[in-house]
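Shared chain: chain A. Partners: chain B in the first complex, chain C in the second.
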Partner chain A sequence: MLLERLIKFFTSLRLTVVLLVLSLVLVFIGTLGEVHLGLYKAQTEFFRSFFIYWHPSNAAWKIPVFPGGYLLGAALLLNLVSAHISRFKFSRDKIGLWIIHAGLILLILGQLATDMLAVESQMHLRQGQMKNYSESDRLDELAITDITDKKLETVVAIPQRLLAGKGDLRNDPLPFVVRVKEFYANSQLSTNAAPGLARVNADSGFGASLWWKPLPRETAMDRRDMPSALVEIVTPQGSLGTWLVSDWLEQPQTFIAGSHTFQMQLRSERFYLPFSLRLLQFHHDVYEGTDIPKNFSSQLLLNRPDTGERRNVLIYMNNPLRYDGRTFYQASFDTDNAGTILQVVKNPGWLTPYLACVLIATGMVVQFLSHLIPFLRRRRS
Partner chain B sequence: MKKIVPWVLVVVFAGWVLSTLHHPPETGFHTRDFGRLPVLLGGRVQPLDSVARNTLLQIRERQSVDELSATAWLMETMMAPDRADKLDVFRIDNLELLNLLQLSERQKYYSFDQIQPHLDDISRQAQRINNTDDASHTAFERQLLKLDNALELYQRLKLSLCPANTTDFAGQLADYEQAIPAGVAAAQAREAGKSYDQAAFTRLLDFLSSYNDLSKYAYPLMVPPAPDAKSRADWQNIGQSLMNVVHGSDLSPAVKAYAAMETAYNQNQPAAFNQALDDYHQWLGEWFVPETRQGVQEFFFNEFQPFYKAIFIYVTAFLLAIFALLTFALAPKLSEMLRRSAFWLVVLGAVIHTFGLVFRMWLEGRPPVTNLYSSAIFIGWGCVILGIILERVFAVGLGSAVASFAGFVTLVIAHNLSMDGDTMEMLRAVLDTNFWLATHVVVVTLGYASTFMAGLLGVTYVLLGLFTPLLKQKSGDLELGKVLAKMTYAIVCFAALFSFTGTVLGGIWADQSWGRFWGWDPKENGALLIVLWNAAILHARWGGLIRERGLMNMVIFGNIVTSWSWFGVNMLGIGLHSYGFMDAAFKWLVLFVSSQVALIILGLLPPGMWKSFQTPPRPAGP
Partner chain C sequence: MPLPTWRPAFLNWMGLALLIVALAGCGRDNVKVYRLANDDAPSSSTPPDATTAATDQNENSPAPPQLQWTLPADWTEVAPAEMSIASFKVSGQNGAAAEVTLVPLPGLAGGDNANVNRWRGQVGLPAATPEEFQKMGEAVQAGDQPATLYDMAGQDSGNAKRILGVIQQRNGTTWFFKMVGDAGLVEQQKPEFTAFLKSLTFTADATPAALPPGHPPIGGGDANAPMMATDAASAGKPAWTVPADWQEVPASQFLLAEYSIADANGAKAEVNVAELSGNGGGVLPNVNRWRGQIGLEPVDETGLAKVTTTMDITGGQATLVDLTGTDANGQSTRLIAAIVPMGNQTWFYKLMGDKKIVDREKDAFTKFVQTARYANAP
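And now, the complex of A and B:
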């Protein structure tokens, strides 16, 4: 009895309509949210969540007030699948609808997979520069490099999420403990004292003469956080000192632990590639007599040592490079036109929308014909 | 009668349209020929007439200055600026701004001479306002920025053909050419530290400094590249071209021609002017065939103004269609005649509308939708075609009424959007792809059009149902209300199909160009809203949750959703699609949305209050 009612509830068209309307409301308030939260934060709060929460400012508690994107998507999927299972009856005039909905399921699942698996990063190349890694545009890492051996550098990278937890961090090859005493996900540094700024409590490195303060996290899509942290290097023999590490500091800081020399730097998280790209030439074409951009293009040299592959590639607007499971897009450029910024996307699910699209289009054609043919027959007779 | 009247009407209107194509030969200065001359502006070759019209639209919100045509005004501005300064061309409505300029409020348009004493003040204020956030600007500040921009455009136009205070440009050029050899020799001697001819040096320097101003401020690039130049896009302005002569280039025939025209214009010698103009046209025709053709064709298009003509025809058709509906029960024969007239006028309007649309595509070499302006033209076109199909299937006059109304409104919206400047502007890099413009943009715009169409049918249903008994009126075997419901359902199916396909195609474009099928960009979200709403309507209908009235109320809400995605999201000013940010339209959007909400409230009134659903009082029994 209860089961029957449950099945009836989950398979009903009424539920479909309610879910569609709720999705409509969600997308609308999400769009408004993007205005003051920024695209990134609004996405996580509204679309990549099960619930949207409300809390009074500065309160520690929060209550769910509206279903989020994940919840609505899952409910729509459940509704769709269960309706089709419970009402499955093979009939010719339903085939089209079946295919359309199968395409929709694939589309939703594919987007979920993208959401979970896709990694987006960026590659900033100056003219002539070569890189074999792309960088995260959101998160940092603390890179500690053992430079004792001039021929072989060993790098230990501590991701931002571990730094944010503060406390003692140990890693096998390192003969010391990294004690994170303070971590600001976004920060401001200064060489002078000013209201709101505090003296950096460092006794070694650049930090000893600097002032700093935490800043709210950036929410806009086109700006990034500049994290800073205060770390103490502690060997079994005792502390070596306290350093300020920061994304603002472009030079690494050197220290000696035992017989080894190390460099330490807080930098954008890197994703290494099995090949390198060198920027040969960046072009920014404008229409004659205007500053309206006509095209952006990057002429690159792709070099893959393990296969000996070495060739020129050209990336321009609407024409990315797909290579080794990653796609490189022309995303931005330096204002002096001597550098390019490529968006690097690794998305195993990138084909699903294309397949879904083919399925849905087929379904629509089938559905259309299955109505049109009988209609024409009736007219003829 | 039933057949003759519609045909007479169509012939009269078509005759009017065709008659505007004929122009008597010009006496005096050949203004229209001058307007056909190709120049380069905004990255594209266009006739001077387009430069004139687009500038006037920005500074005066009109395409002419009273009886002066746009090109005639441009000639005054470029060649006789002292006279042009007295013409009332700057539109100012804001009272605070008028106060600042110490101008009376009685005028609508003001001349440069009236504004000139306050130029410094205006540019100082504009600088200050430009440093503040767009969103915080008051009406006064917005109008001041607009005026500042208008003044800049106007002053640049004045310095496009010849230096300030020139009345005999041809004579001046002859002097310049003569001054070059001695001047250059003097400059070289001076460089080498030898004694040099001071007078010859200064003379050349004077010329160069005034041509340098010209090269800095000129608005359109009026001098085509040399016929043997590598790039055909290498146009120059007259100042640059003149400065290059010192470095040994030949004086371009274009500059000579414009100078001859300037002199003749100032000496009031139409014959000499026309001769120079003809010679220049001939020279262009020899070396610059595509550019000349572009100029001539775009001039024809500007002058023909197909969309304004279509507006007029749509209004007439709409009135006829309304009368046809109102007389439906009372005078069926008259109604049928009016209905046919309305239908054939809509068809005529559609023919002209289509002509304009296709001509624009041909001029631009682009699919129909490239910016907000052309989206309005195309949405209107889509609605009109859908309406014509509906009228063919259900001959009750409703299709014509809705088609003509939609055509009229969208073309008026397009007219208002054209105030921003060139409507055939070049496309920014990411949009520069005819394939995606032809697929994603066209399909998604058709989705907008059909959703609006369904909404309009819904509005018709509510208005007819509440205030007239027409919904219960039989037309053939079906009641009018049922006919409307059928139409609406069919259009919603179309809308769902188009908006869904268009949105997915957009996702695929996004995946191709920046690696994200879906990025929750506001404009994408807007399209998704339309898809979700159409899907909700269809599922509600299939599940029997709504019937006729419910369907109508839902499609009216579809109008709100669509207007939000079309205009609303652009007002947010964020995201990758924020190409058409505008705030003046905001109050119209609010007005539109409230009107639709009001209609939905009306649509929710109980059936007893609907005139169509009231049971007629029974005749008293025996």
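And now, the complex of A and C:
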């Protein structure tokens, strides 16, 4: 009885309409939310969530007030699949509908894959500079490098998400525990005491003489958080000291554990590539007689040691480089026109929306023809 | 209601797809461990290692100081040669060709004399004596500052070859501008080459710009991040008197100052000064780090007492360390270091290099440490 009601609920067309209307409303309020929250936070709160929460200011509790993107997407998928199972029968005149629905399922699954698997990062290159990694524009990592062997350094990179959880972090190559005592996702540092700033409770490294305070997370698209953390290095023999690590500190800090020398730095999370890009020339063309940009382009040298591939590539607006599963877009540049910023997108599911659209369009044509042709036949006869 | 046979299979595939996507997404929060082969290390080759995931080429090619130029008519920009930030090709008649490279190197990069002799070797000329060398340079202008041009013509594999080499020191960097190629073509291109050098503009590092209208947005850019009150990592240099025969070289990362001492036979030693907050990691770990640098086994607290002495300095006491070992090439190396705690900071002075030079410079070094006056001294 209950099962039947459940099946009836999940297969109903009414549910589809309600979900689609809710999705429309979600997109509308999510778009408005970007004004105050910024794109990234609005995406997280409205679309990458099961519920949208509301709470009075300064309250520790919150209540769900609206379904989030994940919940609506999952419900739509369930609705579509269960409707198929219980209602649709495979027949020749329904083949178009089948293809359309397969396209819709692929679209929803593809977007989930994009959300889970896609990695966006940036590569900032000055003219003549070469890099074989891109960097996250949002998140940091704590890189601990064993520099004892100068020729082959071992890097252990702990992502910001693990630091934010505080507590003890252990990792095999490290002969010590990294104890995260404090973590600020956005922070201000100062060499002088000032109202609101607290003494950094570090006894080693640069932080011992600094003051700091947490800041609210950045919401503007053109600004970024500057995280800081207080970490203690604990060996089996005891603590080596407590260090401040911060995105503000551009130099790594050195310490010795046992017979090994380590460097520690909080820096933008890096994504290494099996090839390097060197910026040969950046061009910023303007319409003659004006300052209005006409085109931005980066002439790059691509070098891949394992295959011996070495060639020039040109990236400009709407003409990205697609290479090795990644897409490099011309995203920004330096004010002196001697540096470029490329947006690097690795999205294993990038083809799914195209395939889904092709399926849906094909399904529509097939469905239309499957009615048109019998109709024409009937008319002729 | 019995389901057609394909339906459970369809559901299975859907579930599997969801599971794969969800599991793949979970891996993002993992700690990454990788090895970087550092070609910049003192020894030449990198050991082959299957676990080498990436070569940190950026570490080895930091953003060089930037250049802009006016390109002469016959020149074509080509992919930069090794170490060069820009390279150009010049083609003449009958297949004659020449190449122009612009190479910045930190510090003195071996000095003018050694580099000119290297170039002379490339065109089959013998090394110039110091007297000859004095007469060789021509004054030219590279950008807004003077530079020295060396014009060398000779033979290479039976072909007439000419090198125009220009050296300029600028803000701790030595720039090498070089045209090399067919002797006739290089001679003919000399006015273009000097005009090109004059057209160079050295621009400072810039910060990312705001996006122009119609441009897709991006997420970051340090330029607009909130400003830090003052530079956290900077600290004032103590006032000190540097011995006359020490040559200051641009200090590398972490160092307040770096000096080079060399003798006529090419033997070298270096003095460097670093400043760290707190105790800078402590005396024992630092002594053991230095011991490791000259091939000595680490010591414990008891052993530490045997290799350290104390020395009076203005405003306190310094711990003096004297170690003798060998460098990576098996050469006898001596290291003398002074650790000076002052307030909540610690200064590290280190003299290290060829044993004979260190023996000779020991007194000068301790005197140098004693002359230092600290802003935060009691």
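We adopt the following convention: the second predicted complex is superposed on the first by the 325 of 381 C-alpha atoms of A that agree within 3 Å, B and C clash if a C-alpha of one lies under 4 Å from a C-alpha of the other, contacts with A are read in each partner's own complex, and residues count from 1 in each chain.
Please note the rule applied: a contact is a pair of C-beta atoms (placed from the backbone, for glycine too) under 8 Å apart; a residue touches a chain by one contact, two chains touch by 3 or more.
Keep in mind it's a predicted model, so treat the numbers as computed, not measured.
Engineer: Quick check on the superposition: with chain A as the shared anchor, is it clash or fit for chain B versus chain C?
Structural biologist: fit
Engineer: Can A:I85 be said to touch chain B (first), chain C (second), both, or neither?
Structural biologist: Second partner only, chain C.
Engineer: So in the superposed three-chain picture, is A:Y329 touching just chain B, just chain C, both, or none of them (first/second/both/neither)?
Structural biologist: both
Engineer: Quick one: is A:L369 in contact with chain B, with chain C, with both, or with neither? Answer first, second, both or neither.
Structural biologist: A:L369: touches no partner chain.
Engineer: Looking at A:G128 after the superposition, I want to know if it touches chain B, chain C, both of them or none. Which is it: first, second, both, neither?
Structural biologist: Only chain C; A:G128 stays clear of chain B.
Engineer: Just to be sure I read the superposition right, which of the two partners does A:F28 touch: chain B = first, chain C = second, or both, or neither?
Structural biologist: Once the two structures are laid over each other on A, A:F28 reaches chain B alone.
Engineer: In the overlay of the two complexes, what angle sits at the CA centre of chain A between those of chain B and chain C, given in steps of 10 degrees?
Structural biologist: Given the fit on chain A C-alpha atoms, the answer is 100 degrees.
Engineer: Which of the two partners, first being chain B and second being chain C, lies in contact with A:A198: first, second, both, or neither?
Structural biologist: So A:A198 meets neither chain B nor chain C here.
Engineer: Comparing chain C with chain B, which touches more residues belonging to chain A?
Structural biologist: On the superposition, C touches more of the residues of chain A.
Engineer: A:V358 contacts which: chain B (first), chain C (second), both, neither?
Structural biologist: neither
Engineer: Can A:V65 be said to touch chain B (first), chain C (second), both, or neither?
Structural biologist: A:V65 contacts neither chain B nor chain C.
Engineer: Tell me which partner A:L162 touches in the superposition: chain B (first), chain C (second), both or neither.
Structural biologist: In the superposition, A:L162 contacts chain C only.
Engineer: Quick one: smallest Cα-Cα gap between chain B and chain C in the superposed arrangement, Å?
Structural biologist: In the combined three-chain model, chain B comes within 5 Å of chain C at the C-alpha level.
Engineer: Taking the two structures together, which residues of chain A meet both chain B and chain C?
Structural biologist: On chain A, the residues that contact chain B in one structure and chain C in the other are 39, 120, 292-293, 296, 317, 329, 331, 343.
Engineer: Touching residues of chain C toward chain A in the complex: what are they?
Structural biologist: These residues of chain C touch chain A: 1, 3-4, 7, 11, 14, 17-18, 21-22, 24-25, 28-38, 41-43, 46-47, 49, 52-58, 61-64, 66-68, 77, 79-80, 85-86, 203-222, 224-226, 228-233, 253-254, 276-279, 281, 285-286, 288-289, 292, 298, 344-345.
Engineer: Going by the contact rule at the top, pick out the chain A residues touching chain B in the complex.
Structural biologist: Those residues of chain A that touch chain B are 12-14, 16-17, 20-21, 23-24, 27-28, 30-32, 34-35, 39, 42-43, 47, 107, 111, 114, 120, 286-290, 292-296, 317-318, 320, 327, 329, 331, 343, 345, 347, 350, 353-354, 356-357, 360-361, 364.
Engineer: List the residues on chain B that touch chain A in their complex, please.
Structural biologist: 40-44, 221, 233-235, 425-426, 428-430, 432-433, 436, 497, 500-501, 504-505, 507-509, 511-522, 525-526, 528-529, 532-533, 535-536, 539-540, 542-543, 545, 561, 564, 569, 572, 574-575
Engineer: Using the touch rule from the top, collect the residues of chain A that touch chain C in their complex.
Structural biologist: 39-40, 81, 85-86, 90, 105, 109, 112-113, 115-117, 119-120, 122, 124-133, 137-138, 141, 145, 148, 150-159, 161-162, 169, 171-173, 188-192, 194, 202-210, 215, 218, 220-224, 226, 240-241, 246, 248-251, 254-256, 259, 261, 272-274, 276, 278, 280-281, 292-293, 296, 301, 305, 310, 312, 317, 329, 331-336, 338-339, 341, 343
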